[in-house]
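In structure tokens below, several structures.
Look for chain A in each of the two complexes below; its partner is chain B in the first and chain C in the second.
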Partner chain A sequence: MSINVAQRRLLQEYRSLTNNPPEGITAGPISEDDLLHWECLIQGPEGTPFEGGVFPAELKFPNDYPHMPPSMKFLGDVFHPNVYPSGLVCISILHPPGDDPNHYEKASERWSPIQSVEKILLSVMSMLAEPNDESPANVEAAKMWRERRSEYEARVKTSVRASLGL
Partner chain B sequence: MQVFSDEAVNVPDSTDWLGTPLACLMPVEQAFRCHVCKDFYDSPMLTSCNHTFCSLCIRRCLSVDSKCPLCRATDQESKLRGNWALREAVEAFTKSRRAILDFARAPPPALQSPTEQSNSPTKRKATEMDGAKEEDQETKRPRRSTRSTKTRAAELTAAILQEEEDTTPSADPDYVDQPPDDGLVACPICLTRMKEQQVDRHIDTSCPGSPQAAASKRQAAVAQTPQPPSTFPSFNNRLGQSTQPQKPPERLPALAYSMLKDTALRKKLSELGLSTHGSRQLLEKRHKEWITLWNANCDSSRPKKRSELLRDLDEWERTVGNPGGGSRIGGIGMTIGGGAGQGPMARAQAAGAEIKDKEFDGKAWANRYGDSFGDLIKQARKGIKRQTLDGGANSGESAKEKKKETEAETEKEDTPADLLPRTRPDGDGESSVAPPTPMDIVPPSSPPRLDEQGGDTGMDDEQQVIPGTPEKGNSKWETSQQQKQQPPIAGDA
Partner chain C sequence: MAEEEINLPSLVIVLLITGLAVRYFFFSGNASRANRQPGGTGGVTLEELQRRREREREAAVETVQQMFPQVDRRTILWDLQRHGGNLQATTERILAGRTETPPITFQPPPPPTSPETIAAAQQSATAAANKPAEMKTHPDLITRYNLKDKLASAGPSDDAGAAAGAAPKIGGWSSNREERQSLLQKRRDQMIIEARRKMEAKIAAEKAAAAGASSN
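Moving on to the complex of A and B:
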């Protein structure tokens, strides 16, 4: 079977990520049989309560990637205003092109075919450092982050330690 | 699936330059790559906002979003213009890439002895290194084995052939004939060349009127008179080529789908020789994709054949076009197959391909055709009981075995799919009708369309065999059963 556009582009990205890995990020397809299903590891950014943690996540790509964005889901517990309790990540770069019907996001922040896995993961890293509480995915986390920052940080640190088995 | 192990290693990437002394070529290579597919530009097109993408990439982007993916400026497909200088640059770069990379990866010449240096050092080193690399990879990935070397050889030959093609004179329709420097002038009407003072008389008396007429006249003259030894051989060549019918393929216009009724859209599709199966939404998507593929192909310097484009569309249909259940693959496959499209074999093949598809939804399939499976199982049981009775007269033992089998099967009522193949009598060469396979009994490639918008009775409905209707759907099974019962059954083995 010849490989289609999405698969070829993902191979290209995988090649690029292995040859020139960005700091704090590892990503690749889980198995040879399904290039549309990746797993990645993100380091918690320094200077944030997530520091020291390593967060596994899965990326699922649609058949018409890169015209449509993948979805990203943390596999462990991530207490964050922009991460649903299920682990699903909610940031503008992962939202399909076009204008947000709720006008929270500008079209310029949303997915475009020129984006890549690397850019998604870098955006997620910066999201961990700077949550966007305008359209929270986890209301409890957003409220706590806004109103009781120290409690939020303590809770995140505890869960990071727990995830490392400390 | 070997895709990953073979291709992942062979996909060239701009990061290949990292770690070589020519790491500065990485941004150069990146500049030759499309921002959308990250591959080298294929038929690069310039947008109104002066960004460049592959023709196919930007056409797809615009059909999704009508915006430039880089700056999000609104744009239209019709405003795209070819970036030919970049096309040439990319071609030149990709041709020399391998050699430069080999050169960059070879150890510095200082390490080599002078004799080696005289013996074209870079090439030798490069091949040595390649060999070493391949061995290395082979130990790491045992699956790579011989296939990869074969494909590599095939790639090499393909590349060589490609190069040979490139060196043959190109049939560029935009080629402008340079006036030969022969001291003559061209007639302003028919472009025939002659001495300046002859022109007036020529126009008054012998001018044929149009350049084509003159050309054919000249051609005839060339054919009659022996070729002049060497002066303008290439000129004659070009003439010969220009007279061949060489219409560049015309771009297809986009359709305003909201203005088209289902039947009209189906008509458009069948005019284009495409499948008319599927939901309204799929029909639109298919038409759109075909236009994208077709128009992008028009931009290419080496346009593909129509059959290749149809294959691309088929590929698209299997993956992007129909992510849910691949139940409409048959449609397109049949169109490509031509006349065989309507036969039960083609339908069975299509259904077979569908079942083999990775994303095949077995549960939905079982639900959808559960009734007809049930009917078939009943009939099969009846047949077997009758067989058991017949066989009992001949040999008691085989009858017993069969009874056991039937009993075992009755216990397993809930798994019709499992039962079906086992109830089928094996190994009879006499029957002209093939034993029914799951492919034969399944309905044709497009199942009852529940998702149809609007109560459209498509023309393909008549060709469909509705599952569960006994007179049509099961007739084959019955005949084959009857035929099988007439000859005495020899036993199971």
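Moving on to the complex of A and C:
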């Protein structure tokens, strides 16, 4: 049985993420029986209300990865303008290649096979630090972030502590 | 007179052929329709059209609901109906928070109840029921990853030594599949335990600061 392109590529990415893990990121397949389904942990960036938190998320890769991007979903509570209430992450790097039909994003910001899991996770980390106000996925969070920042930060901090059992 | 005699049989033949042709088309058309909708009359196609429209509408509602689980079905249906079923326009209005609340008089048709949709609805219902339950039973990372024992067993005193000793060991790629799996899990556990320790220390420091401030 030969393993296909997606599997080979994912194994290779898993390997490099294990050998040189980026600061604050742990990622890998839940089981090597299914390389298309990963779970990762992302640390909340310092200097943000997410600081000190650890956020689990699942990555689901399509069969034609790396041509098409994976989808990413937080498994815990992440109250953020670019994260749907279901946990689904909405950032440009996770959008299929090509031009945005709504002209919000440049093609270079979207997914392409030269991107990687590591880049996705780093992008999500910086998204936690700097929400993109232009295309909110969680309208309530976006509104609160824009209009009542301190309330937003307090809410995030509380949920971070709750997620650590404190 | 001779002309008439020649024309009459040919006329009869022509009529017969057209008659047969009309009958053929008429009956075959009717038969296939009758198969689809027994007892139906001229309104058969209309009914079918309505059903197709219903299906399209349900698909649209489902698409919107997948994107915005917090918006209820009634609001989506109202918006779709008001704006000619334009999915993109509805999506944009929800994103901008410009959806209107439907009037009380607006009674949307219930979701279709074919066996498939019932099964799907049940599935989503159980999924929805499971989700909050899961959130409740695994409210935090410690419970989720079963770290209570590790958190308790590794005291804060040997934490520094363990972390220093374990960190370089955990970093590498093992050629053994099972070992890789367990190393990944260890790294994950360590990350959570560390975060929890730091947060505990932070909260303790905050409390101490607050106590100091109040005693002064």
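By definition in this document, the second predicted complex is superposed on the first by the 166 of 166 C-alpha atoms of A that agree within 3 Å, B and C clash if a C-alpha of one lies under 4 Å from a C-alpha of the other, contacts with A are read in each partner's own complex, and residues count from 1 in each chain.
We take it that a contact is a pair of C-beta atoms (placed from the backbone, for glycine too) under 8 Å apart; a residue touches a chain by one contact, two chains touch by 3 or more.
It should be emphasised that the depicted structure is a prediction, and the values quoted were computed from it without experimental measurement.
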Query raised in the report: With the two structures laid over each other on chain A, which partner does A:Asn19 touch: chain B (first), chain C (second), both, or neither?
Result: both
Requested in this report: Name the contact category of A:Ile114: first (chain B only), second (chain C only), both, or neither.
Outcome: first
**Report entry** Which of chain B and chain C A:Asn4 touches, first, second, both or neither
**Finding:** first
Report task. Would you check which partner chain A:Pro81 touches, where first means chain B only, second means chain C only, and both and neither mean what they say? Result -> neither
**Report entry** chain B versus chain C as contact partner of A:Pro69, first or second or both or neither
**Finding:** neither
Query raised in the report: Between chain B (first) and chain C (second), which does A:Leu164 come into contact with in this model arrangement: first, second, both, or neither?
Result: second
Query raised in the report: Which of the two partners, first being chain B and second being chain C, lies in contact with A:Leu41: first, second, both, or neither?
Result: second
Query raised in the report: Between chain B (first) and chain C (second), which, if any, makes contact with A:Glu32: first, second, both or neither?
Result: both
Report task. Jot down the residues of chain A that show up as touching in both complexes, chain B in one and chain C in the other. Result -> 15, 19, 32
Query - Complex interface listing, chain C residues touching chain A - result: 67-70, 94-95, 97, 135, 139-144, 171-173, 177, 180-181, 183-184, 187-188, 191-192, 195-196, 198-200, 202-203
Query - chain A to chain C touching residues, read off their complex - result: 15, 18-19, 21, 26, 28, 31-32, 41, 43, 52-54, 56, 75-77, 84-86, 135-136, 139, 143, 160-166
Report summary line: Counting only contacts in the complex, chain A reaches chain B at residues 1-9, 11-16, 19-20, 29, 32-33, 35, 62-64, 66-68, 97-98, 107-108, 112-114, 116
Report summary line: Given the complex, residues on chain B that touch chain A span 1, 3-5, 7-8, 11, 13-16, 18, 35-39, 57, 60-61, 64-65, 67, 69-70, 72, 315-316, 319-320, 323
